[in-house]
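In the two assemblies presented below, chain A is common to both, partnered first by chain B and then by chain C.
Let's turn to the complex of A and B:
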């Protein structure tokens, strides 16, 4: 069903999104704890009300899913405009730009892990180690050999993928909790090794890693009087969009379906002739490439990395993003990531209790939403007149 | 010192360390048996045990200072017992609040929740214990027991400290007691039944919730005792010591085969031996000790994917 352009719908969507956009910016700007709590309570109330008025809510949802392209288009335009508008609204603009770029890195990490954990069911508790391998590779190559950024970024990803192949040899032999232990042990091994090796700077790590440079354009220059993090912001925006598109294509392809069969029932998948070992390996290595790439970006952006950045608790954070957001649900994972990166920053007002609250959240959320914020939905394959139906068009299914 | 003596010394160190790992691993394996859950907060219950022990020692320090000889040992024993009791009760409390409710959900979500619980316990100690983020000195309580004689004795060039021997003896005694309890009593039978098939056990009239409570009481009490023993062994405790303990305890339980108590004990010793041997025999070994221990663990799992004493998984297509 092809929809023609509808000006009224377009305006509705735009007004809504611009309003949300400014609300979010004001939310970032607020420093008062009580307004913050009131805002959060409002959001919780809204989420609850969607349950109470489910019929009305579903009509709103249908409206947005019918105008999917408009929603995404306006969202991208707003995200592109953000660095231009934010200095006028947000007082601590530089700080929030940095946080947003870091959120972008975490989204790439979480989407990489999702290919392994969400799509295939391979629990990787060494995410931070692969993140670190990417970061250290990029850092060492640019520090010691002076390689340009355009090479260090992909090589960082490839290094993580190669280590992934190395780990996959013991990994495919084991199952379940034993598999989790293999990745856990690998993650600890890498961090301990980095901590004790002089070549990588030991516990101090690598310092003064050069900033990114593309074709002579240094990322430390301030474009048009804006903060230099704007450069990283746009790079991140591009890479995150790329990662999201790749993830969706992956999910909707036959590869994603193959991986899902392995996750849901490995024996059944084998019975249908799926070579589970090879496919699990492919998903593991693809995920690690994305994770390593994120590490390389982090190393260049912050300019300083140490083994502490890649500890087990960092792995946990990323695993929590995927599980809380909803496994194999890309939108859910992005939401989960944003929640777990922005919220702790907002809670800096109560710095001391931040990690405690984070821990309590990790206990409470699984109790109320045992399959994540946005649970994974079974794929809707329905064959209408033109083969596979379009997403958002469920008229055949009903 | 001859080579034999060196090796004997290393083995002895491994044994003293291994008993502590084994005590933690038994908890992991017990919880896995009854709830099918990897309870990562167990490491922080162990840390809690050490801190509760410290509090109890401070409370009783006045009494301890005055007495000597047999009554000193008695009070010491009371401290151990109280610490085990308090930690065990806390274990039940945590299980009721956080562990059991999530264990019904998907296993990964449950794992995450126990990790959250671990963070919450760790942070609570850091924030609410006076000067909680500093490492704390743990008093050497066992020394006065041997104040008359020397602190150690020697057999064939191997130095054995009396206090380490006491730690080892207590560990062994507790493990024997637990294994007797599980194998010989009615409640022990219940624990084994729930571990094998909880629904069938419930149909046979086993009170599943009570079994789970008892299991957490035993497991957490063991962790609490290990906390004190660890404090006595290293003479220092810190709020984040539970994280590594959890990883090592989990590793030991997996090496031995999850769900098997004897496996957990064997796994604890195997892990400790790997650590001490690699610290001694590999150049720069003390720095790379844990790297090698985890490397050996990974390679081990390639050849024995379900642990030493674990059930074989048959799955062929």
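Let's turn to the complex of A and C:
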């Protein structure tokens, strides 16, 4: 069933997305307290109203999912244009560029954790530790051995994956909460080890890690008068898109199905031929690779890492992004991550109430959306334009 | 009696004890190609334990069991499933949040060829495999209840009890196993639904020619109507075997169910 191009739908989607794009930029720019609170109230109202008017929203959702290729295409174009447009709109452009790049790192972290926690049900409380392993590996390799970025990034991911294999040896013998406990202990161990090793700089961490350099192009160059964070922005955009595609392809395949069955009923999975230990390991290691890669990017971008960056509270934050966004729902997790990274920055204006409001949001959202902002949806098995489509497609089979 | 048929499964003195208590105390059961066996016995007599042992969930502490002349003792559940034994569960073990389609598709896990790398790099192969398996899932559902096809992409948790059981049976059939173990298919059903379930089990028989079915059931009407021979066990031991009439009139069976006459 190939969809023909529909100009009206295309225009609708474009107007909507461009409007949202500018609204978001204005929101980032606003420094007035009251407008900020109004904006927050609007977000909360939207979350609540999707719950109250669920039926009305489902028709809107159907429209967008029918035009998903257009939605994604325009979104990517807008994201590519952002660094060019934003200096005209946002006063503290550089600062927000940095925040957006960090958001990108968190999205990769959350998507990595999602493969473990959301898809397979393996609660990894050592996310920050694997994040750190990736960061320290990339940092040490470029500081001590002068390896180029094109090698340090993937090696950072591979190092986290290898440590993941190491941890998985004791891990696979445990179940449920005990599994989480083992990862928690591992996370604390890694931070302690980093704190007490001379080689990794101890509590001071690694300083002046070289910036990224690809084929002689330093990421500290200002491209065409734009801020140098623009380099990182485009790299992040590319890597986030890659992470989304990889996550989506896993989700929308036998892999996603196998992992989901393990998550929902391990005994049933075993009884239909699934070697659950192997698959849980594969999922754990794949997730850790993404997490380690994010760490390597962070190390190069900030140039300074220390054990405090990778503490347990950092793990909890990433777990919160996955749970709040919606387990095993890629779009939900991206929204959850954006919410938990942009909002705290935005609320710096209201200094003393910042944490309070943040906390209230963390309580209110799960009350109205107990399975996350966007809950898990049945797998549709989309392949390019060809998906299983709506249920009506099967009427011929009767 | 079964001389013309091939024996595909047999157990020899199969035993399992949990902390000294024998849940199975020497079970010898033969399964021939293409037959329906009713396995009966009072609560706690070891019926479900028998299923759990031959699917590898519990590890037998004594004896052997052979499937297609291969000793499967000590094998993992996933290895046994690959050989061709599949099952349903007493308390439904469907993934309630997943769609009907997903729940049936996992039954075809052993037929999948598009794995981890195909998911990332060979979407074409995966797409054609999904199409093929989906057709098969639709085919299976049509046998039991064509209306379920409309709910193919809905969470299975929203279905009524009997349809859940049907999905579970579809899942067990999907991988084209040689033996299907049905653990109390009529549990929690009304008498009307039970009648439908009996018809469903016969449909399984007529659809899959080479399959052997073992049914554990408390509802004797199901056993008498669908099974060709019946084995009764109590305290982990066989007490009678034969046709339904022979077994149901066997004094030890009556005693096990009704108690001793005073």
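Methods note: the second predicted complex is superposed on the first by the 351 of 398 C-alpha atoms of A that agree within 3 Å, B and C clash if a C-alpha of one lies under 4 Å from a C-alpha of the other, contacts with A are read in each partner's own complex, and residues count from 1 in each chain.
Everything below uses one rule, namely that a residue touches a chain if its C-beta (ideal position, glycine included) is under 8 Å from a C-beta of that chain, and two chains touch if they have at least 3 such contacts.
In this text the structure is predicted, and so the values were computed from the model without any measurement.
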Partner chain in contact with A:270 - chain B first, chain C second, else both or neither: both
Which holds for A:239: it touches chain B only (first), chain C only (second), both, or neither? neither
Does the superposition put A:361 against chain B (first), chain C (second), both, or neither? first
Regarding the shared-chain residue A:110, is it in contact with chain B (first), chain C (second), both, or neither? neither
Now for A:169: first (chain B), second (chain C), both, or neither, which partner does it touch? first
Could you tell me if A:376 is touching chain B, chain C, both of them or neither one (first, second, both, neither)? second
Chain B versus chain C as contact partner of A:260, first or second or both or neither: second
Please identify the positions on chain A that touch both chain B and chain C, taking each partner from its own complex. 267, 270-271
Name, in rising order, each residue of chain A that touches chain C in their complex. 246, 249-250, 253-258, 260-261, 264-265, 267-276, 282, 376, 378-381, 383-384, 386, 388, 391, 394-395, 397-398
Can you name the residues of chain B that touch chain A in the complex? 32, 38, 98, 101-102, 104-106, 108-113, 115-124, 127, 243, 247, 250-251, 254, 258, 284, 287-288, 290-291, 294-295, 297-299, 301-302, 305-307, 313, 315, 317
Quick check on the complex: what are the chain C residues that touch chain A? 55-57, 76-78, 81-82, 86-87, 89, 93-99, 101-102, 105-107, 109-110, 112, 114-116, 118-120, 123-124, 126-127, 129-130, 134, 138-139, 142, 146, 149-155, 171, 175
Quick one: in the complex, what on chain A touches chain B? 117, 123, 169-170, 173-175, 177-178, 180-182, 184-186, 188-189, 192-193, 196, 267, 270-271, 312-313, 316, 319-320, 323-324, 327, 352-353, 355-356, 358-363, 366-367, 370-372
